[in-house]
Amino acid sequence: ACGGSDSEQDTDTSNGEDSASEEGSTEESEQMIPDTLVMGFVPSQDSDTIADTIEPLAERLSEELGIEVQGQVMTNYNALVEAMGANQVHVGFIPAFGYVLANEQYGVEVILKSIRYGSGTYKAQYVVRADSGIETLADLEGKIWAYNDKGSTSGYLFPANQLMEEFGLESAEQLESEFFSHTMETGGHDNSAIAVYEGDADVATTFDDVRTELEEEYPDVMEKLTILGYTEEIPNDTISVTKELDDEFVQKLKEIFLSFNDDEEMIQIMKDVYNWDAIDEATDEEYQIVKDTYAKFKDNIEL
Amino acid sequence: MTKGKSVLSQASSETNKIPSLYPAKTKLQVTVIFFTVLIIYIFSMYWTQREMVGGVGGALGNMYTVIKKFFPPNFAILPNILDPLLQTIQMAIIATTIAAIITIPLALLSARNVTTFKPLYYFSRTFLNLLRTIPDLVLAVIFVGLFGIGVFPGILALIIFSLGILAKLISETIEAVDMNPMEAMRASGGNTLQVIWYALVPQVLPQYTSLVLYVFEINIRASVVLGLVGAGGIGLILNQQLGFYNYPNAMAIIIIIFVVVILIEYISNKIREALV
Amino acid sequence: MDQYSLPPKPKNAFMKRIRNIVIAIAVVALYIWTFTSIDIDWGRAIERSLNNFQRVIPKLFSPDWGALGEVSLSMLETVFIAFAGSLMAAIIAVPLAFLAANNMMGKYFSIIGKWILSAIRAFPDLILAILFVVAVGPNAFAGVLAIAIGSTGMLGKMFSEIIESIDMQVVEAMQANGANRIQILFYAVLPQIIPEFLSYAIYRFEVDIRASSILGIVGAGGIGTMIIFAANNRNWNEMGMILLAIIVVVTIIDFASAKIRQKIV
Amino acid sequence: MIEFKDVSLVYPNGTQGLKNINVTIKDGEFVVIVGLSGAGKSTFIRSINRLVTPTSGSLLVDNEDILTFKGKDLRKLRTKTGMIFQNYNLVKRSSVLKNVLAGRLGHVGTVRSILNMYSKEDLSLAYESLKRVNIEEKIYNRADELSGGQQQRVSIARVLTQQPKYILADEPVASLDPPTSHQVMTYLKKINKEDGITTIVNLHFIDMAMEYADRIIGMRGGEIVFDGPASEVSEKTFEEIYGRSIREEDKIGGADKS
Amino acid sequence: MIEFKDVSLVYPNGTQGLKNINVTIKDGEFVVIVGLSGAGKSTFIRSINRLVTPTSGSLLVDNEDILTFKGKDLRKLRTKTGMIFQNYNLVKRSSVLKNVLAGRLGHVGTVRSILNMYSKEDLSLAYESLKRVNIEEKIYNRADELSGGQQQRVSIARVLTQQPKYILADEPVASLDPPTSHQVMTYLKKINKEDGITTIVNLHFIDMAMEYADRIIGMRGGEIVFDGPASEVSEKTFEEIYGRSIREEDKIGGADKS
């Protein structure tokens, strides 16, 4: 699904890593261990606080691996996916949907996932006004739907998929213009919830639970907005690696990350900065559900 | 005249002097400025590249791999993007019109040759500078925070953003006009408003028009940023298509934006020709 | 009577009036279309802003001084990126501007040059950012390149307009001296355009300091990432601090550039 | 009647523009001011309609001291003194008619003038003025389509439309070639005679001054060095005005006159 | 030697700039061309260094037909004909010295001129030229800081630095006041006499022409209507050049000369 092997070779040499590829046993393509490991981090919008630095983690990894480690926070996963495709970034902290794209386009592999609130998955919620009289998903028909953006797993893909299955709708287009009377794309989970709070929309699909974020600005948000229901489980953010990375090296990386689980200090860092409780192993299969959902929407995403 | 004589005598005392091309002071100043800029530049380049891992060896190959994915553009989506495109144009029209109107008093106030009352001039200059410092994204976010999501905050953000550019450029145009006709109008007893209307407006009108159209073009492109905060328009669609990895669709949208911009430029040239 | 000898009506007055009426109708129609088909609920917007005013504005005006250190550092980083990027753009824009100016290389080159510049300007920041991340990895240098290309479009357009407005009589005087094209460029053209070029380049430097989104995308850190995250977290106090930093820095640059321009113009 | 009583003017940068000027110009006179560049001719003439403000003395126009005028009074003063400039000062992009109508600005209300709602009288007056300088067929041309002489005639028409009591002309022929210059001077003289408008003209050329002036005022270094009828001008007057007898000195190169 | 042989020039828009011009200008002459605006004076003078190209006939400069010149030949021709313009055409933002050195452009190599690597000879030549027009103390001033007369002297210095065989001057004094005009004409005449440079000057003023010219060429409507020494100019010559005896006609208002 990606560019020819010569272009990959280019990137290898550009990283000055011929020695690594010689010793590394290779199956598919030449593998390497970079001089400097680059990690890319796209904070999932689904988390309630996000930090703009990855420095503490990078330092620690560098100590453990004995090579330089660099972390960059990016704000757009297209950029991260492409950077991993070009092997400019070797390790990506990507939300589920971004991972699916990276895997499809460039064979990027998931090795780990985050555990938050004790779970490797999370759910999206349907938020409505307490006094709206909406009690079931079926009541949503003819209402106005607010979501953050179409590329959001929890804000759009999963709820849309759920509603389409439940009400036997063929396409996203039908869902948006026939089931709902109107939709609005708000750019953020908090904006979606505010739209419902203010009465501009009737239902918002957001991560769980967006209301806690708004409590400071809208003190009565907990009473005014209630949760109508939840979607299926969505896999958490991944830690993924490019396929050029040496297998043994990847294994070592994995072990280091997993060892953080027993390290009070590191867990605290992960918690403070990224809201992760723990790190767990992950396989590509766990993301099949996201892949299926994406496949469903890819071509009929409403323009 | 005495001055001429002294010059003559001075000249004869320096008869065989061969001058250097620049006086020493100028040379020194220029050299200092040049090297300061060069050093900051070298430092900036070094500093920004310090985190760079690979060389730039494979850069073109990598870029080619990505660019290839954008082709061929998929124009089949054309009918679907018409509505958001029109919405973007509408937002740009409203924002540009309102900004163009508010600009007039602002630009007059911040033109040195019209506003002779210094404190007022400095005040409006500073105000404009502040307006211009705020990034468009921040404007959009703040207005979304204030007005909720929708077209309205988007338009407001565009207005403020355009105002910053427009008022600065137009006040500079005003400062460059021929002041003689204004003096003539004043000499024939016109009051300030009449002087501005009769002597200033006809002189600034062509540049005003072309700057307004230039800002219109900027506003159409700025809608990409607005899409990020839910303000709608073609930018939203472009971001979606990129997000879903439909690069050929995205390319088609980019080309459409390009065509619209070229059209605006064409129309703006026609209008300018008609006015000049 | 002779007392009221009114001037004759202008020739073609009729056609002109028709033309004006047609244009007027077109413009009015355009506006009617625009304002009717865009839906803005004015009452809501006003009511909303009154409610939200208290939530947002006071916080913007009480900047989070705790973030001062972090913000200053990011700001410094941004200044370096913007400086390198806009200087690079200023250099690339020069040949393009000469190509695009209609009084330099001839009509056809001018059209080609204008198209190149328009094409550069048509590219969204996001895609430029992706391309450069792919080329050199996610880092400040990708930010420099993205800013450089993004600014080239605008600077090239402005530069070419400056070139088009130079005094061609001076060029003629150099021709009459027997100067060749390159000499004319250095002796007659460059001295006329350098001050304006500089002031636009500095202006662009200012703009680039605010080019937040593009820097956030490429992971260049800097103030851009902070802006986006402050926005996402609805952290208005921090946003206030960031704004303050930008205002201070841009004001300093404005001041410094005014001094430099005085020296050079 | 215009009376300069001990008028002096020092520019903010310290240049002495006028030095103790005492002179009276009677109604209906055609006065030409001559002098070298920098002699203070423009300063003199521009004091009369207060485009510059003398720093001491008193300047009476129709027995009112105009040096204290502000706002409305000032506009009234300017409405009754028309001015013609060396560079015509037309709005290049506006039509000839519009330029000429600008002469009525002081007479008509702000709103009416901005909406172009001129009365029939104003329009016909503008047209008459254009006819008087024989340029009525260019009425709808843009000002920048005219030659220099034609533009100057439009600016005379503008002043005529203003129906002023005084006409001030600051080097009205300096940008024109000799035949056209004579034409313009002829028109000014004609208007002075026919309408009895007091006219004050600045000129570089003393020979042209002698041809048209009733009275010549010679200036030098901000002072009046000659004042009398054209017939009294002698070789010595030249010397006083130009600081030397022109011909000889000028032929010797090297005198630096900045 | 410059020979016009049946030279005509029609501008692209159909205007006949020159009509069958036949004239020979010998080395060392000081020729003044006079004529009304639009008579074809500029066209005549600009044909000689091919800033415009006549459409028929042949124009010999030093016995070569320059009408076919291109590229290098053309630059060589222009290097030996210096030109002075009405508006001086100095680079306003460059220093006086740099402006004057521009006169050497045709002589020095491209690279050297761009890197400002002038030889001592070039520099001292430029300085000498500035001294000859008495403006050497302004050497490092920017051109726009000078008065009109000073700027014109710089442009003469530029031409001197060029060391041309011919000097063409297109209304060099039209923007100057009379005393300064005389100064500039004096410099031109002096250079013509001292260096033996053939000089062709366009002027509006026939009286000034008579004062300086060895030979006067009168033009009208693209044709030569007078050619002879200044002493032969009579009232009739005036009439031929201006199309009428100036004084009388011009005093009768109403004649429209566009």
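A, B, C, D and E label the chains in the order they appear, each numbered from 1.
Please note the rule applied: a contact is a pair of C-beta atoms (placed from the backbone, for glycine too) under 8 Å apart; a residue touches a chain by one contact, two chains touch by 3 or more.
According to UniProt, the chain labels map to these proteins: B = Phosphonate ABC transporter, permease protein PhnE; C = Phosphonate ABC transporter permease; D, E = Phosphonates import ATP-binding protein PhnC.
Keep in mind that what you see is a predicted model, and the values were worked out from it rather than measured.
Supply the minimal count of touching-chain steps required to go from subunit B to subunit E.
1
Taking contact as defined at the start, I'd like the list of chains shared as neighbours by subunit D and subunit E.
Output, common partners of subunit D and subunit E: B, C.
My parser should flag the chain pair with the most contacts; which pair should that be?
Greatest number of C-beta pairs in contact occurs for B-C.
Based on mean C-alpha positions, I'd like to know which chain lies farthest from subunit E.
A
With chain centres taken as the means of their Cα atoms, state the distance from subunit A to subunit E in Å.
Going by mean C-alpha positions, subunit A sits 77 Å from subunit E.
From the mean C-alpha coordinate of subunit C to that of subunit D, what's the distance rounded to whole Å?
Going by mean C-alpha positions, subunit C sits 46 Å from subunit D.
Please work out the Cα centroid separation of subunit A and subunit D, and write it as a whole number of Å.
Once rounded, the distance between the two centres reads 79 Å.
Mark out which residues of subunit E touch at least two other chains, giving numbers and ranges.
Where subunit E meets two or more other chains at a single residue, that happens at 98, 134.
Counting only residues that touch at least two other chains, what does the list for subunit B look like?
4, 7-8, 51, 53-54, 56, 59, 62, 65-66, 148, 150, 228-229, 239, 242
Among the residues of subunit C, which are close enough to touch at least two other chains?
Only 44, 48, 55, 126, 130, 134-137, 139, 213, 228, 234 qualify.
Can you name every chain pair that touches?
According to the stated criterion, the contacting chain pairs are A-B, A-C, B-C, B-D, B-E, C-D, C-E, D-E.
Along subunit A, where are the residues that touch subunit C in the complex?
Per the touch definition, subunit A meets subunit C at residues 38, 40, 43, 45, 49-52, 70, 72-76, 78-80, 82-83, 85-86, 88-89, 188, 190, 198, 200, 213-214, 217-218.
Under the touch definition given earlier, write down the residues of subunit E that touch subunit C in their complex.
Those residues of subunit E that touch subunit C are 49, 51, 75-83, 85, 87, 89-94, 98, 102-103, 105-107, 110, 113-114, 155, 158, 162, 168.
Touching residues of subunit E toward subunit B in the complex: what are they?
Residue positions touching the partner: 95, 97-98, 101, 116, 118, 120, 123-124, 126-127, 131, 134, 136-137, 139-140.
For the complex, which residues does subunit B have touching subunit E?
Touch list, subunit B to subunit E: 4, 7-8, 10-11, 14, 16-23, 26.
For a test of understanding, state which residues of subunit B touch subunit C in their complex under the given definition.
Against subunit C, subunit B makes touches at 29, 33, 37, 40-41, 43-45, 47-54, 56, 59-60, 62-63, 65-67, 86-87, 90-91, 93-94, 97, 129-130, 132-138, 141-142, 145-148, 150-152, 155, 221, 224-225, 228-229, 235, 238-239, 242, 250, 254-255, 257-258, 261-262, 265.
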